[in-house]
Every structure is written in C-alpha cells, then in structure tokens.
Amino acid sequence: MIIILSQDFDQQELDNLITWLENMGLEIHMSEGANTTIMGLVGDTSAVDINLLNALDCVADVKRIQEPFKKANRKFHPQDTVISLGADGAAKIGGGNFMVIAGPCSVESPEQISQIAAAVKDSGAQALRGGAFKPRTSPYAFQGMQADGIELLLEARKNTGLPIVTEIMDLNQLEFFDEVDVIQVGARNMQNFVLLRELGKIKKPILLKRGFAATIEELLMSAEYLMAGGNEEVILCERGVRTFEPLTRNTLDLSAIPIIKELSHLPVVVDPSHATGVARYVRPMSLAAVAAGADGLMVEVHNSPKTALCDGQQSITPLQFDSLAKDIAAMRVAIGQCNEGI
Amino acid sequence: MIIILSQDFDQQELDNLITWLENMGLEIHMSEGANTTIMGLVGDTSAVDINLLNALDCVADVKRIQEPFKKANRKFHPQDTVISLGADGAAKIGGGNFMVIAGPCSVESPEQISQIAAAVKDSGAQALRGGAFKPRTSPYAFQGMQADGIELLLEARKNTGLPIVTEIMDLNQLEFFDEVDVIQVGARNMQNFVLLRELGKIKKPILLKRGFAATIEELLMSAEYLMAGGNEEVILCERGVRTFEPLTRNTLDLSAIPIIKELSHLPVVVDPSHATGVARYVRPMSLAAVAAGADGLMVEVHNSPKTALCDGQQSITPLQFDSLAKDIAAMRVAIGQCNEGI
Amino acid sequence: MIIILSQDFDQQELDNLITWLENMGLEIHMSEGANTTIMGLVGDTSAVDINLLNALDCVADVKRIQEPFKKANRKFHPQDTVISLGADGAAKIGGGNFMVIAGPCSVESPEQISQIAAAVKDSGAQALRGGAFKPRTSPYAFQGMQADGIELLLEARKNTGLPIVTEIMDLNQLEFFDEVDVIQVGARNMQNFVLLRELGKIKKPILLKRGFAATIEELLMSAEYLMAGGNEEVILCERGVRTFEPLTRNTLDLSAIPIIKELSHLPVVVDPSHATGVARYVRPMSLAAVAAGADGLMVEVHNSPKTALCDGQQSITPLQFDSLAKDIAAMRVAIGQCNEGI
Amino acid sequence: MIIILSQDFDQQELDNLITWLENMGLEIHMSEGANTTIMGLVGDTSAVDINLLNALDCVADVKRIQEPFKKANRKFHPQDTVISLGADGAAKIGGGNFMVIAGPCSVESPEQISQIAAAVKDSGAQALRGGAFKPRTSPYAFQGMQADGIELLLEARKNTGLPIVTEIMDLNQLEFFDEVDVIQVGARNMQNFVLLRELGKIKKPILLKRGFAATIEELLMSAEYLMAGGNEEVILCERGVRTFEPLTRNTLDLSAIPIIKELSHLPVVVDPSHATGVARYVRPMSLAAVAAGADGLMVEVHNSPKTALCDGQQSITPLQFDSLAKDIAAMRVAIGQCNEGI
C-alpha cells in the first residue's frame, strides 16, 4: 500500500499515523521528493481501511498494490484447487477437470426432475442443478417447491448418481441442505455476509455466483468470507453483469475467466442461461466459455421449456443439451491440443 | 399485457394459451392485422410470467403495459403515505413532511454516539442513524458493535428523544430490533426476499435502500414484498447506482425521486454520503435532493471523521451538518414557494 | 506519477527506463522497501504514456497522482472562467453568473423559432438554443434544416437579442457557423478529436457536452483539446450517462457538478431534457441542478411539443418554462443565501 | 408498431393521428378492450418517430415490434454477406470465411511495420491493420504518423500482399484513403453520422466498430447509414463495452456475436486487444470469440510491445501471434465439426 502525503502535511498528525501503522505490524518506507512525499507500507495491509486513511488531512491519496484477499489468492496458493463431488468423488472440477452441471431452473414435479436428471446424465452431465428455494422479483410469482424440491433432487440423485447443486436463500433453510452436495449462493446473495460467514463454517462445497453488479475483486472477497471460516471448497460462477444492452438479460463477462484464474486458484464455472436469458444463445456462449478456459458450465435444461414455471425462455431441451455436450467435449479436445502447442 | 403472435403460429397451441389465460381470469382481445396478430390481456396480469409466454412458439413478443406492483402503486393508492416515528409520532415523513436522518456510519462507543446524537438533535435532525451490524466487503474489517451497538443507540434515543434507524443484515438478528424505530434493509439485501417477506409480517417502518444495480421497478417490487405481507410503512432510499465513473463511489440517481413519486405513494429519502463516498460532495447533493423533491435525507455525521472506524471519508462533521441543516430548511422554503407558484 | 517495480526487475532495463524518463525532464525518487521498490516521478508527466510503462517487464504497476489536463485544471487557474456572450457581452456564465439557455430541439420553421425565441426571452432566458444540423440514430429520420436552420436562428437573434447556441456535427459545416455565438459539440462528438482540435483554433465559445459513456476526466481531456489550441472559452455540459435504468433515457449525474467545479475553472451547464428524455422530469432536475451548483441550464422548449419533429417527448411548453424560470430564480436566491451562511 | 391509447383519449386528436399515419402509408388495426384501446400499425414504420407519438396526449405508450434497420436486416437479406479484399479478392470474410486481421496499434516506422507485416503474414493473417491517424484522449500524446503512416502501410502491402485496414477520423482525411483496402470507423466515431453518410457513398469495405456504450441496435443503425448510401460492404466489430469492472479496459460482449448474426447478414469481427487492454487476455478471448461464432478477429501485434508508442500493454508479440493463429485454426476445425454434428 502506498500513501501519498499532502503537500503541507502536519508533522504531528503524520507521526500519529506512523505510530498507528507500526502498531499494526507494518514496516514503513518514506520517499521524499521535491513536491511529494510517499510512504510505502510493507506487511499485511488487508486490515487497513483505505477510507480511513483517505480521511486524514495529511493524506492526499492511497494506492493499494496488493489484493485484499488472501486465502483465495493464487499468490499464496499457486496450485489449482480441485473439488470432488459425490460419494465416490468421481465428479471433479478444477486443475484440468471440467464439470458440466445441468438441470432445470426450478424443481417442479417428480416426473419433471427425474426425466431431466436421467436425460442430462445420459448426455454426460456430471452434476444436477435444480432450484427448490427460488428468489423471484415478484412476491406473487412461484417461489419454488422449497423443502419438497430438495427431497425430489435427492431422489433424482439416488436414481442417477449425479451429485446435486441447489440454492440456499437464507440461513434458516440450512437444515434442509444436509444431504445436498453443493450449496449455491445466488447472485443476489453474493454479499449476504452473514450467510457467507455461516457457510464458511460447514464442510460442503459452495458454488458462489457473481452478483450482477459485482466486480471480480468483490467476488473474490466474498469467497474470502467463506474461506476465512475454514471452508476452502469454493466454486466461483460468472453469470453476467448488468449493462445498458437490452437484447440480453445481462452481459456475460467471459474475460472474468482468465482474470479469476490468474488471481485465484479456485475453479470457475459459467452460467450462460441466466447471463443471456435466451435459450438460443446458450450454445455459442457455452462453447465460448470453454474456449476462454472455464472449469465448468452450469446450463439450464428443461424437458418442456414452454411450460416451465420459471425462466423457460432460457432453457434448452435435453436434445439440444445432448448436442451441446458433444460439442463441449470436442471443444475441450481442441483446447487441450491448443494448450499443448504453446 | 400485449402478446404479439408469431407470423405462422399453430392454432392448437394458441387455443391452449387462450384457455390457460382465461383460467387465470384474464379477458382477451384479439386484433388481427395483415401481418401481425396481437392479443391484449385485460385483468390482473401481475402473476403472469412473461418469460413463460416468451418461451412459447406461438408468441413473438410480450409487452407489459401495467406495472407489476400493486400495493406500492400510486394508481391504487393516490394519497402519499405518511409515516410517523417515535413515541409521540412527532417525526413524520411523506405527504409534505420532510425528515433528516443523521448519525455515524457505525456506532463505535458510548461517547461517540451520545455526542453525535446530541449534536444532530441540536441541529434539527429528526432521527438518528447508526450502524450496529455492518456489511463489510472484507471479512477482516470491523464488523460493527452488533447487539451492543443497538443498546448504545437506544441509550442515545433515551437522552435525545430521537427515533433510531439501524440496519438488519439477517433474520437471526431480528430479536435485537424489538425497540428499534426503523429497520434499515441495506442495498446488498434489497433482493433478500426471505428477509423482506419476514419483515413484511412485523409492524415497524422499514427503510429499504435501492441496490446499487437495481432498477427503480425492482426497488418497488422489493417494497411490494414488504407490503404484500401487511407492512405498509416503507421508506424508499436512493443511494446511487454503479456506473463506469470512478470519481464517485456510485452515481446518485436523483431522477429516481420524481419517478418514484409518480409511480408510488411511498416516501423517498436520499443518502448522499454512501452515493458519493466523499464528504465534500454531501452538501451539494443534499440540496439537490431537496430541490428534486425528496421527502428526506440520510446523512452520515461523525464527530471525528478522521478516526471513524468505517467510511470516515464520507462523513461530515457536526459543524458542517449544522450549516447543512440550515441550508436544507432554507431550500425547503424556496421549494415550497416554487410549488405555490405553479 | 508512481512506478512500482517488479519484484525481480532487470537492472539494465531499469537503467534504460531511468535514462528515458530523465530525458523527458523528469526527476526520479527511488524508495526501496523489503519487498517493493517504488519510483516517484516529479515534473510534468502529462506526456508520459502509462500503457507504455505498464508494458515493461520491470514495471509491476503505475499510479498517476496528477490529473492529465493542465489548461482546464483549477490548480493552475484558480479563478472561475467567466464567458460573455452577445454583442454587448451582457449574457454571462461562470464566476457566479447563471445562464439559462432555452429553445427547441430542432429549428423547424420561421414561425416556430420566432415564437419560441420571443417566449423564452420574455421568461428570462439569456440564450437561445436550436438544432440546425441534427445527429439522428436513423438515416431515415429528419436530419435538421441545416444551413437554413442557422439562418432562422440568426433571424431570431436579430429580433430578440438572444445569443444563439447550435450544434456542429462536422468540420465541413464550419463555414455556416461564422455568426453563431456558441458552437455546441454534441455528446456523440465529445471525442471527435479532429473536430475539437480545429475548434480550438477559432475564437468563439464552445459548449462541450459530456459523452453518455464518458468519465468526467475524459470530458476535461476533451476540453483540454480545445484549450490546447488556444480557445479557452469552453462551457461544459452534463447531460446524463448511460446506465441499466430504463425509465429515463440516461441517468443525470449531478455529482459531476461539484466534481468538475473542484477540478476545473470552467463553467458547467446541465441539460435535463436530453438526460431524462421526459418533459415532466425537466423541472425537478433543473431545480436540483441549480441546487447542486450548476452555472447554467439548457432546457428544451417547444410551442407545440406534440408535433415537434424531434424529441417532442422531452420538451416543455413556453408556459411551463415561464414557471420554471421563476422557480430557478427563487432557487438561486435561496442558494445564494445558503452560501452566505456557511 | 403498437400504440396504446390513453384511457380517456380525445377522439378528435385520435382522428388527426390516424389521418397522419395513413398519409404515411400505414395500415391501422384497432383493438378495443374494456380498459385499453390498442392500435397496430402495419407497413414500413422505420420513419415513424416514437418520441413524437409518445408526446401526444392520446397516446399512453408505443411499442416497436420491428427493427428500425432494413438494409442491414437479415429478414430482408437472409444470405450472409461475403466481403472479398485485395487485388485478387482472395481474402474473404463472412459466409463461413474467417479472417484474421493483425498488426500494430500504430504505424511507427518503416522497419516496424514491415517486420510486423512479414511476421503476421507468415503466421497466416489475411489482412494487416495499423493506425496512421490515431484518436488519443490527450492532446499531448502521439497522434499517429498520419498520411506518412498510410504510405508505409501501402509499402507493407506491396511487400506482403496483405490488404490493409486503417482508421479514418475525419472526412478531410478521406483523400489519403484511396488505396486503402478497408476503412475503419473507430468506436468514438460510430455515431459520427456525417462521416458515415459520406462513407456510404464510396465503394470500399468499411470496418465499423461498436461504440463502447452503444447498443447492438445502434451499431446496426450506424451500419444502416453506410448501407442506405449504397455501400453494402460493412464489417461489424465488437470491441467491448464500458462497465463498472476495473480489471479490464472494457467488458468484451461476446453474446453480441450470435445476436448480430441473428439480426443481420453482415460479418462480425472481434477485437480482443482493445476490449481487454491486457495482452495476456488476448489469447483466451480470441479463442472464445471463434467459439462464439465470430467471422474474424482483429488482433494487435507488435514486435516490441515494450516500446510501442501506443497501447503496448495490449499487444502480443509475433511469436505469441503465431501460436495463437495455430490455435485459432484448430478451434475453427473443432467448431466446424461441432456445427456438422447438430
């Protein structure tokens, strides 16, 4: 962290600042120029509040030169994190392992989830997604099957062997997630810090979606909340950010993939269904995500998108998913050969 | 709601759609043109899922012509909502009543909160704000005094008579808010629907902040969650939206004020402190908010911004607040005369 | 400017960099810490290309600590710029002088412009706006009356004495602007650098609109293009930035006013008509702009908004303008008293 | 186009509106419901001004159901446009032909451009890019070699046979572009309508970059300006949009590719260099663009990025480009096989 001092700083105030910083265990390097005096802080500055420094009269500006996240930081953990799911741990993500998670937006009925689960399993999906607790903009819209939906997901897991991924909306629902393989934290809850802190205390992989107006650094800071509590199995999910473009629900930010993989060791999946909101853009965006280096995909699949109780517009059919899954595999081979060629 | 049919729609699918819509109690008006057939839906369409309609082959496009919120809608409730706070109900907001809420970002100590409370009371503030449970981006930053902070706020209320406003972050904290006058739902929780639904069941005013990437309609839909549960005392708060401009933390959207007041009967306050993130922009943005027709302001005031444990950069001093409060009053008089002149 | 060196930089490359920087007349201060070496550059760094520095292996990061604009910078020109318009210079903006510019989006006919000009003059406007060359998104839409429109504006000036403001779209139109009082550069041309450079060589005030996705710094850099050529009479115009909010055409960024006035000595006007795109939001946003400290307003007024050939939706009537002008004056008095009170 | 009438519209005003619309050659279909009357307009509504309609008292809302562009519209031109470059027309883009355009940000010297041209030719690039007229944010920065730069590009073309792509900034520069193969219109000029209109009159392919805050529809409307004049050889370029994310210069919007290809028959290239602004993200974003279905790429290559006079930070080396070109070819094969498999 670098502190640029005001041109006419008060020496007493500066001395107080220096004492305070030294008490935080930081080493201080002064560089005095003709017009500008700069302080370089060496040590762990993650607990230093930049806003507080900026409020001091003797400080003109503060520049951070280190990322504020530690456990999620690749610098301190160079190896890719690999997360294994399921009883046998066969489904893996990260460190070269690619995972396709597929399933409906919402669990709607025993028939619906069992049919879709069987279909995506046949096409090669390694995990099943399905919403039981549903965040809906309108209080008058379908809110999900709740605990019953989780029961149906567990039933589908029993039949297919696919580990299940489903979203938690509030800590009070945690009791229903005991048997769930991966707990999803949705975009709207990315900065629900109480929820993150509690999920950091359990032993279960968390799929953390980027808020639709969150920076990549904020996503990594939310992962840090989980990891600071001891839960290091975090899967990050890029699902689009909000822009002025009206033809897609959000703008999928695929450059987040190489950036996250550079800054962090955690695996990254992409959700092209929620990002675009349009079923016919799911295929090209899925392939693009693979090409950009994603560790996995989360794709909405519905056996009858036209009657889906939510987000039918963005769901592809099992037949389309089957074709996509083949294409993803081909793309993965091509990418693999590319990487060898470097 | 208007449904534009595909050029070559299937009559059977259309008949199914019509039956389904009629079963929802909607009246249907068909308009057949040379190239385009349009269906107008008359009735309460708030439970109709636009995404679902869009997924049908026979549907080319769907246009909504009514707002999806009802209880928050001025059409169905033309009179301004007026909310009274405090034991005597003397502090009012809405319907021409203006309220200034002031106080520190965080409660830090008995001395700090009592000094600030006394000062802002003297300057004319009608309510005291102060954070006890603090949402912080970093897990390593100060997280607020929690329940102890609320105790100190209640103590300050006893001494000054000012009703208190403080933020809840999670339902599990609700037990500590029994004595609180106004529960604040922060920007990051604007779409924490479980929290909203529960707060809709209690009898206590809620100050609901706009998410930093939320549309105005989404803000009103979140108010609808509260109101659908029976709690109609909702104060909306504009606090800036996220844009590409780096010189302010967020971009304060003051046009939200006339829009909200047109669409809804709920009172609107503006938080210039969090919006700009810079203390010296608080005064001009406060006056602009008054001029734009806001029903109130929420301003961060700290007796020692330079040592504030959070957001010191954006806090003004009691002295600056005193001057601002006078200016707000003068501006209110000018505005009142303006309105008379129309 | 501060350069943070890579942890394992090559001394030879660093020596080359130092020689190159010294040849640019910069003084260099090295600060070596345990893990980080920092170079502070003292002198005029406005010609140093940050991207170039960042591309060097020996450089980890570069932080600028000075604004890249000089002539527009208040640091080097603390006094407010005051610009006088018209033959007698009676209409002034800046340094406490407030200017209301009003008129139709487009000049449409002799009757239209003469009626509006007379009306806004009567209500107290100090300058007349009207588009002759019109930037339109569609090639099939009305493109303005072009040179004939400017003739009509000059005729209206003769009748009312109001100086005129009208937009140039291309250098090849410059011949028609000889008699124009203020040349407007539209939001879409804010970074048309060839146009800016040429307009910097003439002696005539320029009203420069902020691009709808331009940062405040970029706006000031575009002003710098004009001023670097010798034309120091630049009026800046905030007219909204593009965000995700659909209920207004753009989001008016009123915090730009205090920021610009802090960074620069140039006057700032606000265009609430284009920003919101909705006539009934023009009044509250105008008053808010005054309260925020704007030096002027540019308001669209049309005698028959319902038949305006462009942007009728956002124009107010002469009657509405008359009421607004009175309110602006009252607000200006209130603001003046506020400022005295500080 | 659909017009929703106000609840209590004036019949006389409505009759005037109907007459006016019929005079524009439009057919009108009325649909009267219990609460809402809707008018459907059939015919060519591209010249109807939505703002004008919205300003009428009798109109509650207007919804467009057709795109406002015609010549660029795939509906009226289902076949992909194929554009051939060079004397022999061997370099093709569109309709399954993929084109890689590579070269430096700026032409800097005879040696620089000839070395880079030879290198990218060897690696398989089909066209050479290089800036001669450079749009720079600062008036004090290097502005390009101008006409001399174009001479050097033509020399490089003579030596390599590669057609050249270079940017025009103003109509007054057009004389220097006689021999240029493709004229680039930069992001800042995407809505320079005078320039577009004139370039629509010449016979030379235009590469039109999306403005960094332009919607996809606006990009297509700007293409329409070119095409309305008779120039139908337009290549569209996605180069990122401005968002709140600070870790990339812009956010590359790859979903624009399938959307543009659905709405239009024009070819689309992606510029990952300007979009990300970071050399090491160019490779993953290039591969992602190919996977998403782009018709080409425009990549910055510099033989000495560290000393490039502009944008060195985002340029890759000839060696990196050679590897990337191979990967692109492999990805193209994989994509081809994917498409066969559908």
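Worth pointing out:
The letters A, B, C and D name the chains in turn, as written, and every chain counts its residues from 1.
Assume a contact is a pair of C-beta atoms (placed from the backbone, for glycine too) under 8 Å apart; a residue touches a chain by one contact, two chains touch by 3 or more.
Here the structure is a predicted model, which is why all the values come from computation and not from measurement.
Here the chain-to-chain distance from chain B to chain D, counted in touching steps, is 1. When the interfaces A-D and A-C are ranked by how many C-beta pairs touch across them, A-D comes first. Chain A and chain D have centres, each the mean of its CA atoms, that are 32 Å apart. One simple way to say how far apart two chains are is to compare their mean CA positions; for chain A and chain B this gives 27 Å. Our note on geometry: chain A versus chain C, Cα centroid distance of 40 Å, whole angstroms. Under the contact definition stated at the top, the residues of chain D that touch 2 or more other chains are 213, 242-244, 246.
Interface of chain A with chain D (complex): residues 213, 215-217, 241, 243-248, 251-259, 262, 275-276, 280-281, 284-285, 287-293, 323, 326-327, 330-331, 333-335, 337-338, 341-342. By the touch rule above, chain D contacts chain B in their complex via residues 2, 4, 27, 29-36, 38, 40, 42, 60-61, 63, 65, 242-244, 246. Listing the residues of chain C that touch chain D in their complex gives 46-47, 49, 51-52, 54-57, 68, 135-143, 169-173, 188-189, 191-195, 197, 211-213, 218, 221, 224-225, 228-229, 242, 277, 279, 305-315.
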